[in-house]
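By letter and in written order, the chains are A, B, C and D; residue numbering begins at 1 in each of them.
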Amino acid sequence: MTNSKRHILNGYGNGQRLLAVLLLITVSLTTSCGGGLQSALNPAGPQSQHISQLWWFMLIVCTVVFVVVLGVTLVLLVKKAQGSPDELPERESAESQRRKAFIVVAATAATIVILGAFLVDSFLVGRGLTAALDRKQGVVIEVTGHQWWWEVRYPDVDASSIFTTANEIHIPVGVPVTFTLKASDVIHSFWVPNLHGKKDLIPGKVSTIWLQADKPGIYRGQCAEYCGHQHAHMALWIFAEPREQFDEWRRNQIQSAVKPASDSEKRGQQVFLTSTCVTCHTINGTSAGANIGPNLTHVASRNTIAAATLPNDRDHLASWVDDSQQIKPGNRMPPNKFRPEEMQALLDYLQSLK
Amino acid sequence: MVERSQNLPVDAYTEADEREIKELERVWACPPGIIGWFTDTDHKAIALRYVVTAFVFFLFGGIEAALMRIQLARPENHFLNPDLYNQVFTVHGTTMMFLFAVPIMTALGVYLVPLMVGARDVAFPRLNNYGYFVYLIGGILLYVSFILNTGPDAGWFAYVPLSGPGYSPGKRVDIWAQMITFTEISALCGAVVVIGTIFKMRAPGMSLHRLPLFVWAQLVTSFMIIFAMPAVMLASSFLASDRLIDTHFFNPAEGGDAILYQHMFWFFGHPEVYIIFIPALGFISSIVTTFARRRIFGYTAMVLSLIATAFLGFGLWVHHMFATPLPQLGQSFFTAASMMIAIPSGVQIFCWIATMWGAKLNIKTPLLFVLGFVAIFVLGGLTGVMLASVPLDLQIHDTFFVVAHLHYVLIGGSVFPLFGAFYYWIPKWTGRMLSERLGHWNFWLMFIGFNLVFFPMHQLGLQGMPRRVYTYLPNGGWGSLNLLASIGALILALGVAVFIVNFLWARRFGLIANANPWNADTLEWSLASPPPDYNFYRIPVVEGSNALWDRSAENPVVVGLSSTKRETLVTSVVDAVPELRYELPGPSIWPLLLALATAETFIVGIFTAWAFAIGAVLTFGVFIGWFFGDPNYENVAAKEPPQSEEPHRAPEVLRAENA
Amino acid sequence: MLLLATGVLLSCKREQRQFEPPPSPAGNVVMSQLQPGAQRPEPPTQNPFEETAYGLSEGKRLFTQYNCSGCHANGGGSIGPPLMDEKWIYGSDPANIHSTILEGRPNGMPSFRYKIPDDQIWELSAYVRSLSGQIRKDIAPGRSDDMNVHRSEQRVEKKKPEQSFVPKGAEQP
Amino acid sequence: MSTRTAIDVSNLPHHGFDTFDTIWWGNNLLLAIETSMFVLLIATYYYLRQNFNLWPPPLAQLTAPLDPLPDLSFGTANLVLLLLSCGLMFWVDLSARRESRAGAQIGLVICLLIGAIAIVLRSFEFSAVKFRWDSNAYGSIVWFILGMHMFHLITLSCETLLLTIWSWTRPFDMKHRVDITALAVYWYWVVGIWIVLYSVIYLTPRFG
């Protein structure tokens, strides 16, 4: 993007010229398209593939238009006629007026043609995105947005194999997955840039979006609609994995919680069931059944906790349980003060819930 | 003694002229002291107050932006806690959109339109005064509550369930909703005043096809304000009533709908950004004409594209809502409309470039800002076209890509031309030229700082960084670009600081500006700098679209306006044929009192419903004063000789001239 | 401007967002009326959450989420006694409500002693008081985004609390 | 001093009727603002109607009679009253233009009475709607529309009151005859908007 006005600068001290050079370096540095596991420029599914093709097509055409317009502006600055500013303005010759009129009309026509191309291309890609694929063997997942975490529910024809998890979604590779999006409180926006664009979750409405991952891998998404204090830490992970690995994960999720083996884990379960945890969380197979907070039946099988903000290891779990307001101020989980041996037992138990 | 260079180079002043001018100064003078400050209805005084107040809010907005940039400079930064950050970014957006951009554009219109069309004052001076006070009270309301930890925290467009009664406790969003109503009342007052002046108070000979492009831009903007502002007043009234008296406009459980709010708000939202952008097109046309020493190329094309932008501006608000579950076909219609609006803007830029092609360019700071505008706005417009396509918008909506786009078109599209307008017209307002050297520093610091802040944000948006996040995780790969943006923000702030230094320096040491320092073509340059209270001693007759350049040798003028009363000429709408000698009301305290009554109604209205009853009584009392109280009605009726009744009989002298 | 400033000044306490729970007041409730000498008037305890709108809105959210509405309906009462009327069985002082939730009451009120953190109990007791209009109008919460069951707490007129029925043997001053 | 061609405007009048005067333009711009607001209100009415399968929604509380449709009595009375008042206001407008002070004085007083009666009728219309403003979205939007129109009825009556006081106590000069014509325009507009709103609120639930 050449936006430094070369000849204006030479009239000034090198202070300005240094600034302009600095600008050029930084601009070229920034256009390096980083990979990243949450980037629209690194598509891993058919939808984001089409969108990124549309993006590159538009970027190139727009850059050309920008360079042309800016080039013309710079050229007219270089070629400006000399003359003192205070004499009265002269009238242009009719002939040069006519030539300029032709150029302006041509430029406008070019703009219309380019916009037409953009319109047609974006309409085709748009239709492609929402084309109804045969989703027979596809997977349906219900995602409900809460204030600052995602509740994920895998519905199924036979009721016994329906299960709920949170913030981490496993999907089979190469299979179209339909998300049914509902919001329980305010507007959120479900967005995994590597796979597809975003779709708002609006209370009182159900919106659907379907996407498909071609390459196995981990794709991070984040809530894109401002939803309150912890909008910044409301992320989710999508694990795209081969079908059999997905089915195996699914079978494990359907089971109810692992019985505590060691007596420390038993003590931990005792602590869980008799303290404030039971008022909000559910662990299938135990008497804890409140669904205000995320379902913890298989919390240890998840890589992250707190809406994909903290890695799921022992000390992060301890700091989160002890005082979550330090990490995500304003979130709905109150701090819980436990005695040290109770805390260790509780952690043992939670980490046993594979 | 105010140096009086009048527009009568032909003959010096006779004895009678001197006496009449002294009489005019006495009649049009502003009452002294504090009382004068509240009651003065001179459009220039009110407009300068608007500009200064709006600029102060611009600085507040800038400080809030700096706070946000510091918080976002590093991942997991603890400079601002989330609650405070949400208040800062909401007040930043609200200040910039409602307290800075719209008022300062109407302010420049209120100052310059009467001078450019050759009128002695605006059509409704007291309404103008009322508009300013309502705006001032709205601004004070927002900032007093922001200081008291009651700043709104639901975003500058406050989407409903979050800003609704369930999820925004306390009075924060109520204060935002009432502040919106305040600023919209003042914008509507400004619009009615500008339209009244342009339609009815032009100098004879200035028919519609001879109107300067600046005045066309203000006219088009005012009509957009008339039809756009009611939408946001309704949206904020629905929100306030949902929060205070339990109506169910946006409660999905009782038949309401969250998307209704989005439709209502963005039906105003998009015309709002064009209301901010179109006056800037007027500034640029004036600056390009003067500094290219040449008449604008394609005058009719420019006027038609202004009008086309205004109409299209109302037809594309749904591109803010592509991610909501609206039907796909409807969205693609709005894609087409959003792309079409790029055509009129493109035509304007092509015409400016054609005007400057091969002209004797006089590179001064105003033109530098216009060139900066071309560079930045074209890039912003192109990213706008990208945002118009539905599939691409799904990826980049509500991300930092949109933050980059909106700042490119708003700062590039209207703040750069605004600074150009400051450099161009401050000599007329204050009588002092700003320094060119500081001007160039100001431009380059702002240009480079701006690009450093906002160009990396395109990249951040594509790499998945959503909008309005108070912090981000370290492993997202966004840290370095955010740091770069924060450094750029510092340079941008430096640029604005240089402008303030330049302004203060010029107040003392700047060159004394004569009537027409830039040899410009519009009528305001025929008056002294700063112009006298009564503007035109003898209203000139206009003979071409570039008034001063096309002035014939004997320079016809209008005589016969009384100098014992505040009289100005009312002319017909299309051909500006003189019709009436209109009597303008003098200084009056009633606008201020009406503003206080309105303030009482809306502010106390947050706390009790009785405020509306008290407000109604107060307002009616002020109307009685407004209607009966002003002194100059009495004497007019008493000693006025019976007037001839047919106003349409234009004096023959004029008809003969431009037959 | 003076009017503006004082009006809004009142509000700065209301808007506080209390994320970290403050040290909650140690409310000890007098269980028995029997005591030597005259009865010492019990100073009403101050519930810090009654001054912040955020505390009240959290109380309202918890009232539905912790299923208090299961027995008390939306304040109208079904299995549990109504909370919107002026009748108070165990006293309308914040400390009394706090101890009711903490220790439970005969005839079915469960004790939430270890099940709900203490500051949330204070928030719930603040909300219970707002159901009958004891809380200042500009702090009380607005309507919720659910069915319209009763006027929102900020529009309920304040009912003067009175003792529901007097336990036998205790003379009420 | 060389002679200058100049336009002598000293004999032009101070005020003129209709499009000559800035008052007329200011008045009509205000009406344009209010019209765009009412158009948006009507659009909201029909937008909210999509969310209901029964419009107006069935009455939940059975205390009131079962028919949820707003009953026509007061609304129609208001409509008829306002339509008649247009004729009267036309006469006041004519007398203002013909500078017959007596006609204007009497006419304005009667119009003031009509305005007051219209406001009273409107306060009954609110109860005819059968829903409170806080019962559901239907109640909210209907009360809001009726409230906004009542706001205009009140401003209309206040302006008539001011002009009545002026025409009885102060000189009947040209400026205030123009004001009366502007009032007439505002009056016709308020009546015209009420015809549209009447059909939206009372007729669409029955026939829409």
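One rule holds for everything that comes next: a contact is a pair of C-beta atoms (placed from the backbone, for glycine too) under 8 Å apart; a residue touches a chain by one contact, two chains touch by 3 or more.
Fair warning: this is a prediction, and the values are worked out from it, not measured in the lab.
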*Which chain lies at the heart of the structure, taking centres as C-alpha averages?*
B
*Chain centre separation (chain B, chain D; CA means) in Å*: 31
*asked:* Averaging over Cα atoms per chain, report the distance between chain A and chain D in Å.
replied: 51
*Mind checking the centre-to-centre distance between chain A and chain B? Centres are C-alpha means, answer in whole Å.*
36
*For chain B and chain C, what's the span in angstrom between their mean Cα positions?*
50
*If you look at chain A, which of its residues touch at least two other chains?*
185, 203, 229, 329-330
*Residues of chain C engaged with two or more neighbouring chains*: 17, 19, 143, 145, 148, 151
*Multi-chain contacts in chain B: which residues touch at least two other chains?*
83, 161, 166-167, 245-246, 248, 251-254, 256-257
_Interchain pairs in contact, sorted by label_ = A-B, A-C, B-C, B-D, C-D
_List the residues on chain B that touch chain C in their complex, please._
83, 137, 140-141, 144-145, 148-150, 161, 164-167, 169-172, 242-246, 248, 251-254, 599-600, 603-604, 606-608
*chain D-touching residues of chain C, taken from the complex the two chains share*: 143, 148, 151
_If we count contacts the way the header does, which residues on chain B are in touch with chain D in the complex?_
10-12, 14, 123-124, 127, 188, 191-192, 195-196, 199-201, 204, 226-227, 229-231, 233-234, 237-238, 241, 245-249, 251, 254-257, 260, 263-264, 267, 538, 541, 554-562, 569-570, 572-573, 578-583, 616, 620, 623-624, 627-628, 633, 636-638, 640, 643-645, 647-648, 651, 653-654, 657
*Can you check the complex and tell me which residues of chain C touch chain B?*
1, 3-5, 7-9, 11-12, 14-17, 19, 52-54, 56-57, 137-139, 141-148, 151-152, 154-155
_Under the stated contact criterion, what part of chain B meets chain A in this complex?_
81-83, 86, 154-155, 159-162, 166-167, 252-253, 256-259, 291, 293-295, 297-298, 301, 323-325, 328, 331-332, 335-336, 339-340, 342-343, 346-347, 349-351, 353-354, 356-363, 368, 371, 374-375, 378-379, 382-383, 385-386, 388-399, 440, 444, 448, 451-452, 455-456, 459, 462-464, 466-473, 476-477, 481, 484, 518-519, 521, 546, 549
